[in-house]
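Each of the two complexes below includes chain A, the first together with chain B, the second together with chain C.
What follows is the complex of A and B.
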C-alpha cells in the first residue's frame, strides 16, 4: 500500500503544477483559455525529442523546452489581445489541436502516434520514494511562488483586468504585460507537470495530451472555485484521489471499467454543479 | 447539498483506503490490465474473458498446487497514464505475482518500467509494437511483434514480385508502427504511395483519386479498425483500381465483410492463425461468454498467456525471477494458438503466419508464410 500511496501523492503533486498555474489564468484572470495543453505539447516535445532522439544534454533540452513555452505564451498573449474573450476561448482550443496535429503527423521527428519511449528519470528521481519526495518539494515551492504571485501586485493587476479592461488601463496596468506573465507562469506549470509525468512513465504518448485531459483541468478549477487558491488545491487532492480510489470498488470484471468511468463522471458533474456560480466573473458592487 | 456531497466523497475515499486481495497461502493473485472502456474495449473484453476462462478451468481442476487463482482486473483505457496507475495498484496494493497485459502497446510500455522495477512478470497477449521488444527482462508477449509480421509481408511481396506498394495509414500507434516496420523491410522506394490520415477517417475519395498518377502493384489498407479498412477498400474499388489488396490482423474481422461485402472479395490478409468458433477452445468460450467482440484469436492468445504463466508458477513457484528464467528457458508451450516459446527479449517465437483470402464472403486459409 505504501508505494501506491506514494504514487497517488506523486500524481497529486504533478497535477498541482499545472492546475494551480492554470487557475491563475482561467480562475483569477478570468481569461477563457482552454489551450493549456498547447504548452504541454510544445514544452515536453521540445524537451524529449532532443534528449531522447538526438542525445542532447539534459540542460540543453530543458532550455529548449523553456524556450518553447515562452514562445507559446507570447503567441497566446498576442491572440488574447486581438480577439474577444469567447473568440480567444475557441482559438485556444484550435491552437492546442493544431500543435497536437503537428506532433502526430511530423513522424520523422516526433514518431507521431507511436510516442517516445525510453525517457529517462530526471536527476535525483530514480526510485519512487525519491521521485515523490522531489516532486512534492518542487510542487510545494511552485505553490508558494504562485501564492505570492496571486496575492502580490501582479495578482491585483490580473484581478483588476478581469473586472474591466479600461478601468485597469486607466490605472496604468499593461494588459499585454499582465497576459504575457500569466500565460508564461501557466506554461511553466504545464512544463513542470509534463517533465515529471513523462519522466515518471518513461514514455511520452500523444494520447495523454488529447482534449479530455484539458476538460479534467477545467473541471478541477471550476470545482475548486475558479480563482480560489485553497479551493483548487483541495479539489485537485480530492478529485485525483477519487479517480484512483474508484479502482478499489469491488466490481465484477466486466463492470470495472464502465462503472468507474460513470461514477467519476457523476462526481465531476456534481462538483461542477455545486460550483457553477464561480465560473464567470462577477462585477464587484461598491 | 454540500454536506451530502462531502459525505459521499468521504465514503468513496474510505472505500479507497481498503486494501485489495493479495496472494495468500490459499490463493495466487494475478492481475489483468487492458482497455475495458473506449474504442479499444472489444480487444480488452475478449482478452479478459480468455484469461478468465483459463483461470476458471485451473480453479475447477484444483488450482495451482492446491492454490486457487484470483484475478484482479484493471481498466488500462488504452492509455499509458491509466495503465501506469493500474500497474502500481496491482503490484503494490493487490500484491499480484504477475500481470496479463497490457493489450494496447501504450499500456504495456507505460506499465513495463513499474513491473520491471518490482520484478513482476508481465505477459501481453496483444501488444505488437516493436518498441515492446526492449521493454525489459520481465516483459513477455505471446503475440508477435509487427517487426516480424512485416517481414512475412515483405517476403510475400518479394515472392510475388510486388515492388510498388500503395499504402494508406491511419494515424494510430499500431498502424504507424506497422507502416514503419514494413518500410524498413521493403525499403523506402517500395512505398510508391504513402499517405497518413487522421484516426477514424472514413472518406478517402480525394486521396484515392491521386492513385491515378501512381503505378502500383498492390494496395495496403493500413487501418486501426475494420470499419476504416472497409471504407478504404470500398473507395479504392469504386474508382476502378483492381490491384490486389493485402492487409494485416485488423482486416480479419467479420464486420469488414459486412461493411464492404463486394470490395473485400479477394482481399488477402497476413495474420496469425485464426481460432475458429468450432474449435474446442472456441466452443468453450462461446458457451461461457457468448460471441467475441473483436476476434476469437485475441481471446485465445490471452488464454495461452495465462496458461504459460500458470505452467511457470506450477513449476517454479511465485518468485518473479524464477518465473522469468523459466519463461526464457521454455522450449515450447502447447497452446491453443500453437506451440510457442520466447526469445531473449521476451518476444514470442513459433507462431506461424498465415495467408488468408476472402473468397465468397469468408476468410480462406491459403497457406503458411515462413519467417526466419
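What follows is the complex of A and C.
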C-alpha cells in the first residue's frame, strides 16, 4: 500500500508538469492548442535516442531535448500567428500525428512501436522513495514558477491577448513574443513530465504519446476551470487517482481501455457542460 | 504511373466525400466536428454488422449503415453542438473531442480492435489503361463524382442551394429574409453525417475498417478544408483530391531513380504537404487573407 501511495503521488507530480503549463496556454491564454504531445515526442526522443542508443552524456542529451522543444515552440508560434484560432487547433493535432507517424516509422533510429528500453533513472532518483521525493520537489518548484509567471506581467499580457489581439497590440503587446514564450513554457512542462515518466518506467513507448493522452490533459484543464491554477491542481489529483483506481475494478483486460475512454469522454463533456459559459468567455463590450 | 493516378482517384473520392460535407458544415455553422472520423467508422461498422453478422443483403445493409449515420449525426447535433455553438463557436471543438472518446470506446466494445471488411473474399480486378482497379472502386469513383455533381446543381441552381449560400454568408440576414436558418443548420449537419457514413461504407468495401484510423481521417479532412479556404466547398473537394494524389505520388515514386519514401510515411507526407501549403498561403488556396495583429 505504501508503495502504491508513492506511485500515485509520483504520477500526480509528473502529470502536474504538463497540466499546469498546458493550463497557461489553453486555459489562461485561450490558445486552442491540442498539440502538447508534439513537444513530448520531439523532446523525449531527442533526449533518449542519443542517450540510450548512441551513449551520449546525460547533459548533452538533455540539451538536445531542450533544443527540440524550442524548435517545436517556434514552429507552433509560427502556425498560431498564421492560422485562425480553430484552424490552429486542428493543425496542432496534425503536427502531433505527423511527429508520431515519423517516430513509428523511422525504425532504424527510434525502434518504431517497440519503443526504447533501458532508459536510466535520472540522478538522485534510483529508488521509488527518492524518485517520489525529487519529482514532488521539482513539481512544486515548477508550479511556483508558473504561479509567478501567471500572476506577473507575462500572465497579464497573455490574458489581454486572449480577450482580443487588436486591443492587446494597441497596448504594445507582441503577439509573437507572448505566444513563443507561452509555447516554450508549455513545451518544457511536457519535457519534464516525459523525462521523469519514461525514466520512471525505464522505457520510452510511443503508445504513451497517442492522442487520447492529450485529451486527458484537455479534460483536466476544462474540469479544473480553464485558467484556474488551484482548480487544475485539484482536478489533476482527482482525475489521475481516478484513472489509476480504474485498474482495481474487477474487469476483463479488454474492457478496461474502452471503458476508460467512455468514462473520460463523459467527464470531459460534463465538465464543458458545467463550464460552458467560462471555458471560452464572451468578449467584453463597452 | 497510371496505377498511382487510379489510387489517387480512389483515395481522393473517399476524402472528397467526407471533406465536402464538412466544408458545408463549417460554412453554415462555423464549427469543427472532431468526432467525424468516428462517425465515418460507425457508418462502415454498422453496414459490416448487418451484412456479415446479421446476414442481410448488401444493399439493405448499406441503407441501414447510412440511416444509423444520419441518426448519430442528428444526435450529435442536438446534444454536442446545438447547446454550445451559440455560446462560443470553439466549444463544439471540445465537446466533439469528448464524443470522439465515447465513440472510440463504444467501437472497441462493440466491434473489437481487429480489422473488418464489409465484403469478404478477394475482389475481381480489371486492367484499364495500365491500372488494376476493382469493380467496386469504379462504382465508388463514379458515385462520388455523381454526388459532387448533384451538390453542384443543388448549391448553384436551386432556391434551396441559394438559401444555404445565404446562411453561409450571414445567418441573421438570411433569417430576416424568411429563411429558417436553424433548420438548415440541422439539415446540413445531418447531411455531412450521411456523407461521412457513405465514406465509412466506401472504406469498408474497398479495404478494411479499423478503430485506430478515426483521428487520421478527421485530421486529413480538416486539413483539406483549411487548405481549401475554410467553408469553401469546392476548395475542400479540390484539396481532398490534392492530398490523396500527393500521398500516392510521394510514396509511390522512386525519386531520382534511387530514393523512395516508405509507405508508412503516407500520413506524414499529406500533413507536411498541407503545412507547406499554408506556409505559402496561410488563408488557404481559395480564400482571401484575414487581418491579424
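Criterion: the second predicted complex is superposed on the first by the 254 of 286 C-alpha atoms of A that agree within 3 Å, B and C clash if a C-alpha of one lies under 4 Å from a C-alpha of the other, contacts with A are read in each partner's own complex, and residues count from 1 in each chain.
Here is the rule we use: a contact is a pair of C-beta atoms (placed from the backbone, for glycine too) under 8 Å apart; a residue touches a chain by one contact, two chains touch by 3 or more.
On a predicted model such as this, the values are computed, not experimentally measured, just so you know.
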Exercise for the section: Could you say whether A:2 touches chain B, chain C, both of them, or neither, answering first, second, both or neither? Expected result: first
Exercise for the section: Check the residue A:104 against both partner chains and state whether it touches chain B (first), chain C (second), both, or neither. Expected result: both
Exercise for the section: Determine, under the contact definition given at the top, whether A:205 touches first (chain B), second (chain C), both, or neither. Expected result: first
Practice task
Considering only the touch criterion stated at the top, classify A:115 as touching first (chain B), second (chain C), both, or neither.
Solution key: first
Problem - Which of chain B and chain C A:178 touches, first, second, both or neither - result: neither
Practice task
Examine A:143 and indicate which partner it touches, taking first as chain B and second as chain C; both and neither are also allowed.
Solution key: neither
Exercise for the section: Have a look at where A:256 lands relative to chain B and chain C in the superposition and call it first, second, both or neither. Expected result: first
Problem - Common interface positions of chain A, toward chain B and toward chain C - result: 104-105, 254, 257-258, 260-261
Fill in the blank from the handout: As the complex stands, chain A meets chain C at residues 32, 34, 79, 81-87, 89-91, 93-95, 97-98, 101-102, 104-105, 165-166, 168-169, 175, 211-212, 215, 218-219, 222, 254-255, 257-262, 264-266, 268-269, 272-273, 276-277, 279-282
Practice task
Spell out the residues on chain C that touch chain A in their complex, using ranges where they run on.
Solution key: 32, 34, 80, 83-84, 87-91, 93-95, 97-106, 108-109, 112, 215-216, 219, 222-223, 226, 230, 262, 264-265, 267-268, 271-272, 274-275, 278-279, 282, 290, 292-293
Practice task
Note which residues of chain B are touching chain A in the complex, please.
Solution key: 1-2, 5, 8-9, 12-13, 15-20, 32, 35-37, 41, 44-45, 48, 52, 71, 73-75, 77-81, 84-86, 88-89, 91-93, 106, 109-110, 113, 117, 129, 131, 134-135, 171-173, 175-177, 180, 196, 199
Handout entry: Residues on chain A engaged by chain B in the complex (per definition of touch)
Key = 1-4, 7, 11, 104-105, 107, 111-115, 117-118, 128, 197, 200-203, 205, 207-208, 238, 241-242, 244-249, 253-254, 256-258, 260-261, 267, 270-271, 274
